[in-house]
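Common to both upcoming complexes is chain A, partnered first by chain B, then by chain C.
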Partner chain A sequence: MHDLKVSAPPAASTGRLRRFWFALAAIVPLLVLWYVLTAVTHTISLGRFPSPEDVFNAARQISRGKGYAGGTMTAQVWQSSKLVLMGFAVAVGTGAPLGLLMGWSRRAEALLNPAFLLVRPIPPLAWIPLAILWFGLGDGAKIFVIWFAAFVPALINSYTGVRNIDPTLVAAARVHGASRLQLVTQVLIPGSMPMIFTGLRLSMQASWTTLVAAELVGAIFGLGHVLIVASLDIYPGMILYAMVWVGIMGALMTKALALLERRAIPWRG
Partner chain B sequence: MFTNVKRTFRRRDQEVLALDDVSFEVGEKEFVAIVGPSGCGKTTLLRMAAGLDFPTSGSVRVGDREVSGPGPDRAVVFQQFALFPWKTVEENIGFGLRCRGMDADARSRIVASYVELMGLQGYERAYPQQLSGGMQQRVAIARSYALDPDVLLMDEPFGALDAQTRVVMQEELIKLCRVNPRTALFITHSVEEAVYLADRVVVLTRRPGRIREILDIASVRRREGWDTHDRIEEVMDLESFVHLRTRIWRLLRERQEDAAPAGIAVKSA
Partner chain C sequence: MARLGARSSARSKGVPSGSELFALSTLGLLAFFAVWYGVASSGWVPSRFLPGPVVIADTIARLSDHPYAGYTIEAHTVASLQRFGLGFGLAVVLGVPLGLLMGWYRWVDDVVAPLFESVRFIAPIAWVPFAALWFGTGIGGPILIIFSGAFPPCVINAYRGARQVDTVFVEAAQTLGAGGLRIITEVLVPAALPSIVAGLRVSAGLGWQSLIGAELIVVSSGVGYLMVQGQTSLQTPIVMSAMVAIGVVGFVIDVALRALESAVQRSWGVEP
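What follows is the complex of A and B.
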């Protein structure tokens, strides 16, 4: 009657392997179709969409010598990733604590919420012209815009996280002698951790979206800059190659967050 | 402990009297159970003793001090266990001790003794959600007991358990109280549970909650030798037990019938 409820061990390895084959079965035909339509039958004109060979050539060009649009792909990817991480860190570092504070204290909420509601409806991208005016085309402008975009989900989700904590748990902490500080460190923060991570994931996505947009509009370096230069050069192979890198970096960072989440929330099976 | 306690709530501009002129005392190391129909304010009484709620008039004292807020001298066991999902069994049991600032060595000794006492060996590092309801409530009881509180407050602690688990827990609680007697206030809607566990039973009326009667169980228990029986069903079969149970049922029912016409006139539930 009192034994451990062991969660049924699903055949995880075989399930995962099967999913892998399914994924492959979906992707390989698409790649073949792409090759056939562009390089063999020329159904899609190469001026509109590159063939695999075009992409390969673009990759070769940008990885050698002076690269393309101001640098090699490694340098461009590094530039964009660096800005995303910095903007993300600033946004999360300010948004999550503020959200926790607003969730915890009615007074803080009454003070900060009106300002937040006022700024929130402005799409983050609308801040780009102002950012360029203030910070020029350098890194500061991008970090500023990412901050605006990624701040909102970080704040809202950590706020919701605190609000969703079972009040009985707060009562339980108090009747067992928790001080205010202990209430915050032992109950509020761990209790809102799952929602905080939801916020981090959304913030990460927002960071990439905003960065690429900001680099498209005004940058001298970075993945967004590669995209816009390639567009002006009518260079579809390079456009696609840069897009692939945006995808790869976004996926890698989201994956890193998921790993971090599993370590931070060990109680969630 | 409770003197002339009155508590009203505001509900849509209307004063609702929840508790009216409730006075009773819980003696040193005495186990008092409160029974009453749902909505009679018995949980409110317990929350007042815990310092989570306050009387509109009258006073609630523990020892010679007026209750002004929650404190570890009055630990609460909640119906929904209220264990911290992010803490292991060990960490949950040691929570109050940690809040008190006890060092890790002393803490782990006390925790280990309660793990053994409550039969939780082998689950020290499990998270609450991996345990059955009965096990979770053992952890919650251990968490409160470990603090060595002046008063142990229990709010329908077995209300969320299935019938068999409930019986086992009742037997274990009575054993625990024999080994380790505590001043205890126990809320329940189960008449059997109250009679089986308590030294005295306070019977409350339907809203507004008033004291209908206070029955002395301890003298009957001693006289009739209930404690010579290990199993709850043997005690429940004794004539003296049945007699007390029937008497409490009558007390509860009398008032219910008095109140019935008014209840129907307002709204049939």
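What follows is the complex of A and C.
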């Protein structure tokens, strides 16, 4: 949320420090309150929300031996991240080129847009039951649903990226005798890169949400599966611990993408 | 995908005529249904897995007078819409003022932002177990899920809107003796409205999608539930009919909010 660029370094560092203290002042009392309400006064019943100790015990249980719900947390998280990355890669590999094509050629847009517009209003999560019918409870169904979730933002943003390229750049490249291939690799793709990355970020978030949902609905392994098993066992400590991991992995993937973006678009600063 | 019309842009050479584009669009639409129909009736895939468009239309008609999973498809849709309305309304009523306050008072921003950041990356759907545990699976649980999907865009856009307000207006209001509350209601809210309304659209989309997710897992009525029932009894036509209903409702919600958005932009003189 904080995109405010502060130009003078001293101001930036005091701003960061101030933000850090405020963050501490907001989070620490909340943690203390959590401990007091659950473990000391028992105002919140442990059947509804875990105490810090419950979460710690849940964490210990799932990280040792056979773990919980079929495996240790490391294995469950690895399973989920693997599926997200695979689905994401397939979606970006198909969505971004198609978006570039539709942005470049009016004919391709006219031909493909109606089908796209028909399918787009159906939210990715609504594809889960159909995916289970088609592919069962294994990895195939998840990759299919993630593909669908991540495909739409990848396509739309690369389309917008091409449409926003300054036409004089294209004209200049043509005047200088650029071939079709050169035009694509040296003008269109770099020119739409910032928008493509916006699309990737949205795609990544959509992939992660969709995967967790798909695993909640039907899976035999993975983070969403841990959540649903913990929910059926009424095991609040494990629910909270799994949620923390959902958050951590979501944040990590977004940050990794931001890092990649800085590498891929160095001119954007 | 709004077409940019006459505005020149980076495009392939040779501008196709409008009628050619229309013909291509019609062709694309026909091809979509033709391929679907063709694959479904060719026998390559069992019709149990991929029913054709005609079967879906039939199923929708049948579901609207014969109840399935307890209700007709209309009743399921209405049940979903009620939950959506409550959850989305709650997100707007709490999220927009919070965003505005964060944009206006720096200390609110400093206190709330870290809390907000630390839960932001938890996918809304991951709240399902706690939602069921705390509020049950009737109406309270799903509302929490919709809320957790719809709340962040409301906050973020109201915040951005409030941050973008020209300080001249605020200073002018202060010089003329307006107090904090009046500045918020008479300067901040009107100035931030285009951004807020844009946020509502994103928020409604996420809320609707989260509701479907919640209904897939915990609820016992609604379109999502209809889908799950169809899935467990291997009734692909029912699953796909429910998908159509979900798509139509999502589309109508989006169109309504888009109309609101452009109305606001027009009367505020903001370039869309």
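As a working rule, the second predicted complex is superposed on the first by the 247 of 269 C-alpha atoms of A that agree within 3 Å, B and C clash if a C-alpha of one lies under 4 Å from a C-alpha of the other, contacts with A are read in each partner's own complex, and residues count from 1 in each chain.
Just so we're on the same page, a residue touches a chain if its C-beta (ideal position, glycine included) is under 8 Å from a C-beta of that chain, and two chains touch if they have at least 3 such contacts.
Please read all numbers here as calculations on a predicted model, not as lab measurements.
Shared-chain residue A:R263: touches no atom of chain B or chain C.
Measured by the number of chain A residues touched, the leading partner among chain B and chain C is C. In the superposition on chain A, A:I156 makes contact with chain C only, not with chain B. In the overlay built on the shared chain, the residue A:V212 is in contact with chain C alone; chain B does not reach it. In the superposed model, A:Q182 lies in contact with chain B only, and not with chain C. By the touch criterion defined above, A:A172 reaches chain B but does not reach chain C. Of the two partner chains placed around the shared chain by superposition, chain B and chain C are both touched by A:G191.
Residues 1-2, 166, 169, 187, 191 of chain A touch chain B in one complex and chain C in the other.
Contacts from chain C toward chain A in the complex involve residues 1, 4, 8-12, 15-16, 20-22, 24-29, 31-32, 49, 107, 110-119, 121-130, 132-134, 156, 159, 205, 208-210, 212-213, 216-217, 224, 227-228, 230-231, 234, 236, 239-240, 242-244, 246-248, 250-251, 254. Listing the residues of chain A that touch chain B in their complex gives 1-5, 166, 168-169, 171-179, 182, 186-187, 190-191, 193, 265-267, 269. By the touch rule above, chain A contacts chain C in their complex via residues 1-2, 18-19, 22-23, 25-27, 30, 47-49, 104-107, 109-119, 121-130, 132-134, 156, 159, 162-167, 169-170, 187-188, 191, 208-209, 212-213, 216-217, 224, 227-228, 230-231, 234, 236, 239-240, 242-243, 246-248, 250-251, 254.
Chain B contributes residues 50-52, 69-72, 74-76, 78, 80, 82-87, 95-96, 99-100, 119, 123, 126-132, 134-135, 143-144, 147, 153, 164-165, 168 to its touches with chain A in the complex.
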